[in-house]
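Next come two complexes built around chain A: one with chain B, the other with chain C.
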Partner chain A sequence: MAEEIKKEAPPKMKVTIDNISVEVDPGTTILQAARLIGGDVTPPAMCFYTPLKGSGGKCRTCLVEVSKGSEKDPRPMPKLVASCRTGVMDGMEVKSVTSQRVLDARAGVVEFLLLNHPLDCPICDQAGECHLQDLSYEHGKEGTRYEFKRRTFKKHNLGQYIQLHMTRCILCYRCVFTADQVTNKRSHGVLDRGDHAEIATYIEKSLDNDFIGNVIDVCPVGALTDKTFRFKNRVWFTKPEDAHRDCDKCCGKVTLWKRGDEVLRVTARKDQWGEIMNTEDGKTGWICNECRFEKKDVKDWVIEGPTKVARHSVIGANHYEVLDKPEETVAKVMGGRQPKLLLDIHNISDVNDPSVDLSKIKGPATGAVFNKTKLIQEKENNN
Partner chain B sequence: MTISVEEFIYSDEWCGGIAKGKRLKACIPGGSSVPILPANLLLKTAKGEQRMMNYESLADGGFQTGTMMGSGGFIVFDEDQCIVKHTYTLARFYRHESCGQCSPCREGTGWMEKLLLRLDKGQGKMSDIDLLWDIQSKIEGNTICPLGDAAAWPVAAAIRHFRDEFEWHITNAAEAQVRNFGLAHYADAREVVPA
Partner chain C sequence: MEYFEGNGDYAETFFSKKATIQYPEETRPFSKVFRGLHILNRDEEGRERCTACGLCAVACPAEAITMEAAERQEGEEHLYREEKYAAKYEINMLRCIFCGYCEEACPKDAIYLSQTFTPSNYDRKGFIYKKKIC
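The block that comes next holds the complex of A and B.
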């Protein structure tokens, strides 16, 4: 049996992105192949969301240049293509960050997305985990050339738990797909068209479905926010921890966002691309409203341990400081001999002073910072 | 179609010429997305050949000195028409038509419309022209459907061929509100560049 299935498995396809090759199964999109490579090569994706069928193609941040169509038909594609919606072909060659055309187009898309965006990050609950912030920081230009009044909308309450702040919406349609595919009744969609299109529930109908809370997790910006968390805290002051509970409606596997012992917020578990992870049984780990909004007591949960947070993320700042100094092993492996320095840099430079505990220094460390930290430490030691 | 563009516009058998004997300024040989051409490039190609009413001849010179045959429309401008206003009208149309799915078209068409309205009202800045050019280049080819291209082309073509009219609208803002740039030099014979 196993033999037969193996034989039938279609051959892998080789795709080269920015001169790095990977082999993928047929049907893989360029974006998914690029995610296998990771790093800078991976195009940003603001609308595509793996668990949602039909998502993608809207935001245009993931544009790439196909410089060779395939082994059989090596012609380049004339236009940039949306990598989230374009399947790979065997022998395809793609340029992402190595193409100036792509970089320009991406910067253009960022400018378009920010055109009517309020950029009220200081009072936005999404700040710190906002994909638009990351996108504009990594791919945008500083400043805007837009000199007109920005489009604004009124805030709407979608049911008792969710607030829609349409002014911040980038119309990625993820929430529409979620409402359509995860909940059983769709009363949430896009009204109007063009630059006055808006996300809405028909006649502001409250959404009382058990799984509607997931639209908050899929929203890449601060347009859909959790009313039980609004203005309670900044995400970078909270500590994420994986936890679970027995829930008869959903998988019950969540991330708790705590400050001290208080559970401020509950979300589904997300991977490094900000997408909700699969649970062990291979299903998407959507969580129900009860787990998300009503279980705000540590006693409701079995804590599994700290959530892995990407190192560059602002959420990881402040928390996981190195408390133990790493062990010096050089002498051990050198048979007791201490390393011999060719030049004792500590004698001639303010920085790199071995008596200073590096984990006490946050941010860039200049000589002045070192000297100051040293003084503080000496004082502490004398006390 | 073996007749020339000139014959098509002026012969009695077809369009019967321009009303009140006015002179030809520019023409869009198709629907609104087709690039506009000034009279001198419309009647004769850059090589100096008679331009014919067919796909090849109208496309001669690419978008630099040519245009394309559209879907059957044919819009002719006489000497009294203002290109800035007309480009604004088209931009407004495309902004209205944009479905709003993808970001370049949703935001870009609105931005172009606002800039063109400002230029038309005589409140524009010189840098707006280059900005418009940049916006259209960021929309063209980067959208889901060809509406983005269709919105970008008329703006690009208007700036490409009628840049001095745009500049005049900025430098002579007050005059531009009461008078038209007119035919200007758009019907002047072009120097024939040897191929």
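The block that comes next holds the complex of A and C.
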């Protein structure tokens, strides 16, 4: 009797990935089961994005070997399968990093993805938080055998907020799903076929739906980047801080990327897989364009604390734990007297000029931004 | 006996090769791997190589390098090689320890450590090396 009652409970499926067993609900994919285990076992994913329905199955980086189909049918699957689209079966055995076939396949996929991807990481704003960078570093081979010209595209202008670099696109379709599922109207898509396929709007049309900014967050590479943050700073020199505000359109929970007190960039909060986190009510924390592009002032936000950054990440280079500024002690020690001589670095350095607030500039800074202020200063000095 | 020994030492030192050189007239050769004052290179066409990627700054253990990037505008293609360039680039020579990590980190072959010393100076201003704003 007792056994029968047990069977009525929702049956969990046992799946073994790289000799580590985990019990998951039916309908879970191999990728999600592997993410429950975490660590090296987890296959990389460039196109699959948990909050987006229908995503996955395109990039082929998450290939795994199924060495035992299930308890009932123990035959192995003949080919490597895309783990983001393959559901688990009870008793399934999967090989991820323990299989040489899988490692070879991933290296091959990386090589293919990098065929047409330009190596302009020094210019790209995504560098430092780019999934393709991580993927090629962790799973790729050192060199490329490709000798031909990389594909180029006619430049499309997607409006004042979003910068499209089509050459960097790996056609993961995440942004298309985002526009379909998060915004009320999709006005961009993938045009043409095969090698000519590109993300574009048909007629030169700016993307200005209210939640369209989220395509920047879901883009695994630097194809879609924030124009208001463009070239303002490298990601690893900015300080990520969790913050929130009352927004009637979205959850208002974001990460601010600051330099000093300047808010250079606002993004949604992301989890360890680079996916937008759920808020407390279990919904995906998409943020609206107003929060992302218009609120570039610290006063707009309630700051919760520094964002936790993984230790191995380059963004953790300027690691810090607390937000308290150290207080000035000179006056305290000297009985209230202020220091007579202060060596302010801004007297001699032009970098990070207090009179230039990069967060207030709409687009990328140009040479004129820095020179103009110089001219203004000189005029003031002359007067 | 000791008298002769002492004088012998003296004579030996007197006629042996001197350890010092007459500096301004004579200079010692630098080692091939000497790391001196930094230079920011241009390419064959005279365009700036540096693209303000920030790798030198993040590699710098002394945090001597700071920069600010700007977007290349139309008509500036002959000045800057890439879409982005360093509008401001500063090296604080008071901080620099001449480790050469910046040179190693640079993906664009832009920064090099040359075969000269950093000249001394009396005030702090002279130690902040920047790009001249034209």
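Please note the rule applied: the second predicted complex is superposed on the first by the 309 of 383 C-alpha atoms of A that agree within 3 Å, B and C clash if a C-alpha of one lies under 4 Å from a C-alpha of the other, contacts with A are read in each partner's own complex, and residues count from 1 in each chain.
We take it that a residue touches a chain if its C-beta (ideal position, glycine included) is under 8 Å from a C-beta of that chain, and two chains touch if they have at least 3 such contacts.
Note that this is a predicted model, so its numbers are computed, not measured.
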### Query
In the superposed arrangement, which partner chain does A:A365 touch: chain B (first), chain C (second), both, or neither?
second
### Query
Where does A:V254 make contact in the superposed view: on chain B (first), on chain C (second), on both, or on neither?
neither
### Task
Name the contact category of A:C121: first (chain B only), second (chain C only), both, or neither.
second
### Message
Let me test your reading of the model: by the given contact rule, A:V109 touches which partner, first (chain B), second (chain C), both or neither?
### Response
first
### Task
Return first, second, both or neither, reflecting whether A:L158 touches chain B, chain C, both chains, or no partner chain.
neither
### Message
By the touch definition above, which chain A residues appear in both interfaces, chain B in one complex and chain C in the other?
### Response
none
### chain C partner contacts - residues on chain A that touch it in the complex
120-123, 127, 230-234, 236-237, 314, 317, 343, 348-352, 358, 363-371, 374
### Query
Any idea which chain A residues touch chain B in the complex?
57-61, 63, 78-80, 82, 104-105, 108-109, 111-113, 115-116, 145-146, 148, 170-171, 173, 190, 192-197
### Summary
Listed in rising order, the residues of chain C that touch chain A in the complex are 51-55, 57-58, 66-71, 73, 76, 82-84, 87-88, 90, 92, 107-108, 124-125, 128, 130, 133
### Summary
Touching chain A in the complex, chain B uses residues 95-104, 106-111, 114, 131, 138-139, 141-144
